[in-house]
Each structure stands twice: as structure tokens, then as C-alpha cells.
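Shared between the two complexes below is subunit A, which pairs with subunit B and subunit C, respectively.
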Partner chain A sequence: MSQLKSAGAPRDYQEILQAICTELAKANRRGVDLNEETDITADLEVDSIAVMDLLFLLEERYDISVPLNELGEVRTIGDLSKLVHRIATEG
Partner chain B sequence: MTGLFDKFSSVARAHKAITQTGRDPFAVRIDRVFSPTEAEIGGRRCILLGSNNYLGLTFDQDAISAACEALSDYGTGTTGSRVANGSYAPHQDLEHALADYYGMRSAVLFTTGYQANLGFISAITGKDDILLIDSDCHASIYDGCKLSDATVIRFRHNDADDLARRLRRLPSETNKLVVIEGIYSMLGDRAPLAEIVEAAKAGGAYVLVDEAHSLGVLGETGRGLGEETGLQDQIDFVTGTFSKSVGTIGGFCLSNHPELESIRLAARSYLFTASLPPSVVASARVTLDRISDPRLRRNLWHNAERLYHGLKELGFEVGPEMTPIIGVRLTDAEKALAVWYALLENGVYVNLALPPATPQGACLLRCSVCAAHTDNQIDAILAAFGKARMQLTDETRATG
Partner chain C sequence: MNPTGAADSRPEPHARAPFRAADFDCLAEALDYAAEGGGGLNFHGLRGERENHLSYAEVRARALYLARGMMAQGLKRGDRVAIIADMHPDFVCAFFACQYAGLLAAPMPLPTALGGRDGYVEQLRISLKASGARIALGPEALIPQLEDAGRNLGLALIGTVAGLVHVNGIGRQLEPLGANEASHIQYSSGSTTHPRGILIGQSALMANAKAVAQHGLRITPDDRCASWLPFYHDMGLIGFMVIPMSCQVSIDYYQTDGFARRPLQWLELMSRNACTIAFSPAFGYDLCVRRAASARDLDLDLSRWRVAGIGGEMIRPNILNDFARVFEPYGFRAESFVPSYGLAESTLAVSVAPLDTRITVDVVDRQALVERNVAVRPGTNGNGNGISNGNGNGAAFSGNGIEGRTDKTRRLVACGHPLPGHTVEVRDAANSALPERCVGRIFVKGPSVMSGYDRNSVATDGVLDRDGWLSTGDMGYLTGGQLVITGRQKDLIIYNGRNIWPQDLEWEAEQLPEVRNRGTAAFSIEDNDGKETPVILVECRTQDSDARIQLVSMVRSAVFRKTAIDCHVGLIPPRSLPYTTSGKLRRAKAKQTYLAKELECEARPRPGNNGQPSVQRTQSLEA
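Up next is the complex of A and B:
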């Protein structure tokens, strides 16, 4: 899946992590601490639609496509940040 | 360690919250069916407004006779896959009729529309290929993608520019398949086919259109969005179902590509499932001939127009386009449930559709109009929606 390279500039991991936390904060009704270890669905009770909407935002921001096949392993904010960072910096 | 069934706890909680009033909108029992538009539910005669029975052909007398005859001639089932147990003559005859109707080279029948998407999409794409699907695509398309070894990319719903951007990032030498639907099943909006085809062709991608909800509904002879837009020849693959306008069950895939026949030996949902019972095939053969009748579509669109505009006049928020699928949007699940109950109490049965099964997290009362609905039935449906709205307003006032 390295063929899905970003057309944009390589991105800083911390910037991506911060962007994801900022977006998830909008859905953080229970006031859960948002960090790399936070489980997106279990801790935040964010449904699959909200995760998909978040992905669209990230894809547009970093000019990438995140394959659905790669989301199976994503549980935490850290997992998602690493995935987006890898795709955004590949190539 | 978590228990095997723990994964269902959030679904069970949500279901319990919905059913605490004593009724389960997802387990409605229908005791008798009087016609394509009326049935008995909970001892009450109800108008069916969520059946997907767009042309009202489920009680076509010729189709019923043909099905009965096939039952006598061929028995109740085929008891196996066509690859193992052989094809019955009616299977092959229906495939030829379907291909002729679409003016395409060949057709492959599946046992359901779900299995058509599942089997075709997963078989046609391999690990070096890329699938690009509209985000509002049906679960059968998502599941076909999941079963495929291809890379799967979603693009924003009905956004050809987003599709084009994503295609531009992909290498030209890779096989790409864009998957869209003629009419989307929840909000009833069409795909912008011309723009999607333009983006796909510029990106060197094949195009698959699932005409499940547009077969019988769009186009002069009912072939769907490809016919309506005059772009049938730009579509590489058509999938669809007999469980809506055709009034029975079964799925299919059509193409002009001569290699389509290979699917029979590659699609697991074709290979490893029992084929359609001959009685079902016989009724589909009859109703397939019926759906090109323009009078059915005239009635269907007349009813859709009256209901769509009537609901808007009552103050309901409806889908973006006027089609026979009318998604009535409520602000939250509680209100959607209250209106759903009120409609049933007033003799109208619609589909309740809640997130995550809906686009954009919408809480919907999904209505599907039928060509066989009478003007009086449409009036009764609008009256029931009016009453439900008043009831909802009263309750909102009472609770502050």
C-alpha cells in the first residue's frame, strides 16, 4: 500500500497527534484524557461513522488516502496518529 | 479476558433503550399481506411504506402462476450450487433475458443482491488492485471490499472532485475499480454519474454501478441510472437485485467484458451457495418483462412527488432529491422512534433507520413509495404523518 503516497509535504508526528486530539475533543462528552493510549471507540464511545468523518478530515488536511484495510489494527489515538503519519510521509 | 458476547453489549444497551416502551421496531411481525401496499400488523390493517416494492409486482398473477408451474416442474429447490449441481434451464433463460434487457453481453445470477456485490467485488479485485467506493455505499459493497484482497479507499459521498483527487494520487499502471449506486438506499439521492464516470475514466478506472434501488425506477425502460443518463455504455459492470422492483429475490452482475463468465468459478458467493429456486427464477422472469412498462413508473413518480412535497409542506425534513425513496430526518433517535410508533398506531408502517446504519449519523424514517399506492393511500399516509407531528409537538411542549 506504499503506492498511496501523499502528494503533500512530510508531516510531523506530534502535529498529527495534536490534530487528531483536537478533533476528537469535540466528541469527548465524558471528558476522557486524550493521549496516545486513549482507545477511540471504547474510551470515547465514538461510533464508526464519527471515526470515518474524522478520517475524511485528516485525509483532506494531509492530502492522503487512508485505506480501510489499514484501520483494522487501529484502536488508540496513537495507532491512528502513526498510521496517518506513515502514509503522509511515505514516498 | 472478555467474554465471547461482550462485544455486543453496546448494541444490546442501545436495543434495550429502544424497546423499553414495549415495541421492537426491528422485529415487526406481519401476520397477513393483503396486497403490495397493505398488510396486517398487530391486528391493524397498515399501509406499507417501507417495502422497496417500487413497482408493486409482488402479487402479479402471471408471476405467481409461473412460480407455481415451476414448483411443479422443477421442485422446491436446487439443493446446491450451479457449479456442482448444474444450472436449471430457467437460470440460464433468465440470464439471457436480463442481458438482452440491458443490451449487455452477459449476465450472472446470484442468490441475493447482497451476494452479487459480495461475490463479484471480492472476486474481480486482487491484492494489487484498488477499490474506490462512495462512502454511502451499501453494506454489501463494504463487505465485498472486506472480503477482497484489494486496497480499499472511500471517497466523499457523490463528490466526483474528491474521487478525482484520490485517483490522481494512484499509479496509472494499477487496476482501479470505482463503485457507486444508482440511487442510495437511505436518502434516495442519485449518483452524479456523468461526473463520476469522467473522473473514473480520467484516472483509468473501471466503473461499477449498483442499480439495486434504481432498477425499475429510473430510465425510460427502467434499467436504472445508466439508462436515465444515457451513459450505460460507459459503465463496465452493473450489479442489482430482484428483491425490490422485480418483486422477488436474487442478485445479478452484468458486463460487456467477455471475461465476466470467469466470475462463476471465482466468486465464492456464487460457487458455495445454493442457486435460486426455480419458482423464484420463474416469477422474476415474468416481472422482469413487466418493469419496462412506463405506466408503472408514471404511477410511481406521481406518488413519490405527492408524498415528497406533502411531507415538506407538513414541515418534515426530507432527503435532498425527490425520488421514490424518501428519508424523513428527525433530530434524534427518541423523536424518530416516537414518530415511527405514532405512524404505526395510525396504520402506516415505515422503516426506522438509526446510526450507524445511516449516512451522516442521521435518524431516519425511511419511506419507499410504491406504484400501486393509491391517491387515497398517499392522503392517508400524509394524514398519519400530520398526526404524528402534532403528537410530537404536544409531547415536546409537555416536557418543556
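Up next is the complex of A and C:
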């Protein structure tokens, strides 16, 4: 996963992270602590339809397209936030 | 949302050459001919915008160029080329390059799971080994995975299709794969860990294409196809690339992963381009219905859609009814539904239901089906093997949806007559042909049947006899010459002498609002005496003990109420059921993992816990 590069990145990154946490909170019935380290599939047990719905929402909000083949290395909320941020920044 | 706005220009498919409905001896010949017309391929991005257009002439020109690049790698005729089946022009051109170069393309799947990189690399590696690929091609983004997968396998090249372009291979004469040779290797059969490559012959491929084009779908020059089906699956590769191309008609592609997120884009694409033919497994229609419920300002014209094909999994009529109800206001006609049956071992299609008619739902007596292996009208479960003249039908369904009435019946969808030149036989356990309405193992014979699994004569001998009969592994019956599928042979549960289709138990469990569609798997486990105990695994999101105990009890009682089967209910995490790459539930794999890991997933009283039920942390089935 690529690292943050641009100077203005952290603010946007935090916003994306927050948005993802807000959405995942709706499915977080076990009350797992949601942070960058939270494993989306293992800790939250989110099903594939919910993942697709989350991606749909993020893509609409940030006007991006997340290629599915990029998701293979996404496990944690932080991974996903970085990926979305990178794609949004690259335009 | 739609950068292109206007409809894509509609080429005249027969502008320069007369229409030919897939009557070719080999695939290269079909593309040579299509290249003389005006048709081609349109690839659309996630939001439906057109990203690439290639006329068939351009596909051919690029394929010829790439073919020389492949030959420059020092490959022998018939060597294998693994190509990750991305929905992109590069895949299509590389696939046809193999045809021109005399090489066998082996389309490879795309990754699908969140966090699934390691599993994907392993899956690729197994397939690369099994196929003996000499070249592995893929999109830029997946080259690291492809390199990991192909390490030390002695490949001549791992890289992108674009990279191949720069290889200089001039001067070699191209000898396309001919009528008596193989065409490619299809990996959509078998599991991901033990993939079975199916050697698709040119003659089988073209026979199936011709039968589907001329008889099954009656393709005309006015047709235009739309597809989100992946190219690594036979329905995507053959149904929605080979066949339309062999009829010189244009195709609109929408990304498979886009479809999962935005299923309605599939419909919008068809609306915008006046597409007439599209297929999906039933769950695709279901996804559209779900998304339409929350969609605003849908603006669709589906009136041109004349073939809404369904294939790839058991067809549940209620899903199609819902789809028709939701999309009829947009011009969709229920007469467009075309159920079909097929399998990759018979190239693609075995039977296609009649066009321009509503689906035929066969309402049969569940008890007779289970206990006597006969498909008879409800209310005729008396003696003998008598087949009702249909009088029982209305009675059983007057109470449509009322509990206790419909549970005595099963609603099965007829999948049409076998394609011309093909014969379907339903046989009993002793291999004797059965009369109509008797349920047995389905066998197919005809020009579309594969010559065998690739480099696996043991597996081939297991399904193909010396007379050319293919054992499909599916169970079903014939009625009026039409084929009806009831389930998979190997998944059959035998309980107290009764044949139980796991689909039945799953169906009942999935009727509960708490249980997700495709979120259950039923099978049986045997004790030492061979006695079978039915088990149903149910994906469960919540970790709340009380809710879990309640769910187990609800599922058990729902299944028992409807089927009189007292099954053991196991709760497993969401997403943990194993599916094949083509989306079929792998019950045998689920069972195997269940036994191996001795999943302690049912809420039950445990010693040392004051008799209170406890819930164990569950394991994922996909290790």
C-alpha cells in the first residue's frame, strides 16, 4: 500500500478515515473499537454485499473509481482509507 | 454520472458482408469474417461511461500483431498462455492472438475478496501449474501477483499485453488453430484448489455457438448484446464474446465489479444502446431489484430487450417475478425471460427455453419428489407413478404465499429443449434411462461435449463414457421434452431413506428475514454406521449470544416445519461460505472444512458454564 505523499494529505485522509468509520459503525453490532487498525473482514465480519455498498458510497462521495483488484491487500480500515485517499488524490 | 451522454453509435453489423450466424469451422475464421463488418466491442467504466471501443477489424489487427509477439517467445504449437481475464480490450486481443498463433489461451480469474491477495496468488499458481502455461499475461495492476504466482514455474514471460507489443516477432507465418484442434482451456469447472481445465475444441465451440445463435437465441443482424459476466467464466467468454462476435453483432461490456456495486448500470447500458440480449445468473436480477428499491429517478427503456437469459445456478421463479414487476414500467417484458441450462463441460449451453414466452414453472409435489423421485402435480402423491394432467396445479397455488399450502410443493423452472444435435438422458443409479417426470442423473451427448479435462484422464473417465455421454453431475427430469433441474447429484442428502436436496433446506432457512440469500449451506455428515445427519450452516453477523441462540432455534424449527428434517444448525461468520469461481456454492468443501475444523459454532449448553448456552468464536470456512 502506498504511503501518503502530498503535503495537504493528512487532513483529507482524516476525513476519509472518519467517513469510513461512520459508515462501518452502522454494521458494528459488536461494538468493536473502530480505528485504522480494525480489520474490516475479521473484526467486523462485514459481508461482501456490505463491502460493495460501502465502496459504492465512497465512490459516489469522492467521485472516484476503486478498482476491485486493488482490494486484495486491503484488510484494515486504515488500508481502505489510504487506498481511497490515494485514488482521490491522483484524480 | 454519464459523461458520454448520448447513445453509442450503432454500427451496421452487415454493412459490408452478409450476416452469418456462427457457421464457421474455427474461431479465427469467425473473427476474420466479423472484421469485414462494422460491429465491435464497447467497454464501459464503473459509471457506465464508454472507455474503449474496438471494431472487430481492430480486434483482429491487434490480435495478429500480438500473435507474432507471442511466437517470438519460442513457444510451440499448442503451448499454453495464461491470461488474466480482465474485462478489457487487452484480454480479448490476447485471447484471439492465441487463436492466430496456434497457442491455447487459459483465461485466469480476477481477485474478488477484500484482503484476499494471498489466496488469489495461490489460486493463480495452482492454475498456472495445472495448465503448464508458458506465458502469463495480466493487467499492470496485477503483475506483482502474477509474478509471485509464477515464480520458479519456468515461464518464458510474465507481463502485460502492452509489453508484449514491443516484442519483435516479425517474419513468422501465422497458422491459426484449425477446425480439428483445441480452442482454449476453460477453468470454470471444479474448485479453486483443484481446478479442472476443460479442453474446449474448435469444433465443439463452433457447434455450440451455431446452435445457440441459430436455434437457442435466433440472433439476427439487428441484435446487440450487453454483458457484465466475467471472461473467465464460460457464460462471459463464450456466451458474450465468442457467440456475438461469430454473428458479427456488437457487444457492450460493463465491469463485473461495477455490476456488484451498481447493478442498475447494466440496465442503463442496455437502455442507452437499445441492447436486445443479455444473460445473468438469477442473483444478478435479484441485485437489480434490491438496488432499484433505493434508486431515484430511474430513466430506462428496456423495451428492446428480447432475450433476458438466466443461467448458471438454480432458477428461483420468485426472483424473476420480482424483476418483471419492478421493471415492467420501464418496458421490460416477462416474455423476455429465457431460462437455460448448461455447463462448461458441454462448452456452454445444453438447453435454452423457448423464446417470447413466459417462463414455465413446474409445480410439483415435494413429498413425491423427495420420497419417490418423481415430479408429479401436487395432490397426486397417492399411489403409483401416475402423472397428473395438471388439475392439482390451481388448487395448490390458490393460496399463493400462504404458509402450509406452498410448502407441500416445489416450484421448478423448465430450462427448455436440448439444442439441435444434442441428446439429454435422465438415468437412474443403475444407468438405465428413465421416462419423463422421473428424477435422475442428467447425461448429455452431442457435438458441444468436451473431449476431456486437460491432462487429467482420471477426471475425464469419471464423467465421460466411451459412447460420448457426459455425466453432468446435475439431477433433474424431462417434461414434454424440456429439461428441469432439481439439484446437484453429489450434494444429495439421504436421510432416513429419503433423498433430500440441500437446496430445499437452504431455501427454507433463507425464507427467514434474518437469513441472507445465498448465506446458507446444507449437507449431511455420516456417523460410523453411515447414518446421515443433515447439517445447515448459516452465515450470521451478530455476536450477541441471545440473538444467536434464537437464530439457531428459528432456523431449525423453520426447516423442520417445512421439510420434517431435524437438522443441526451451525452459525458461521458472514462471507465464509466457499463458492466456485463461477459462483456455485461448494457444499462439499463447506462440509469438509466443517468436519476438519470441528467448528463449534452452534449455541448450545456447554459443561462448566452453569448450563448456560455459550457461543464459541467461529472460524472462517475459507482458510
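Just so we're on the same page, the second predicted complex is superposed on the first by the 79 of 91 C-alpha atoms of A that agree within 3 Å, B and C clash if a C-alpha of one lies under 4 Å from a C-alpha of the other, contacts with A are read in each partner's own complex, and residues count from 1 in each chain.
Rule of thumb we're sticking to: a contact is a pair of C-beta atoms (placed from the backbone, for glycine too) under 8 Å apart; a residue touches a chain by one contact, two chains touch by 3 or more.
Just so it is clear, the structure is predicted and the values come from calculations on it, not from any experiment.
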Subunit B versus subunit C as contact partner of A:25, first or second or both or neither: neither
Contacts of A:52 with subunit B and subunit C, given as first, second, both or neither: both
First, second, both or neither for A:40, with subunit B first and subunit C second: second
Touched partner set for A:75, first subunit B, second subunit C, both or neither: second
First (subunit B), second (subunit C), both or neither touched by A:67: both
Overlap of subunit C and subunit B interfaces on subunit A (superposed complexes): 45, 47-50, 52, 55-56, 65, 67-69
In the complex with subunit B, residue positions of subunit A that touch it: 1, 3-7, 45, 47-50, 52, 55-56, 63-69
Touch list for subunit C against partner subunit A, complex: 45-47, 86, 110-117, 120, 139, 141-142, 145, 256-257, 260-262, 516, 519, 539, 541-544, 573-575, 620
Contact footprint of subunit A on subunit B as seen in their complex: 10, 130, 135, 145-146, 151-154, 156, 165-166, 168-171, 174, 355-356, 360-361
Subunit A residues touching subunit C - in the complex, by the definition given at the top: 27, 29-30, 39-42, 45-53, 55-56, 59, 65, 67-75
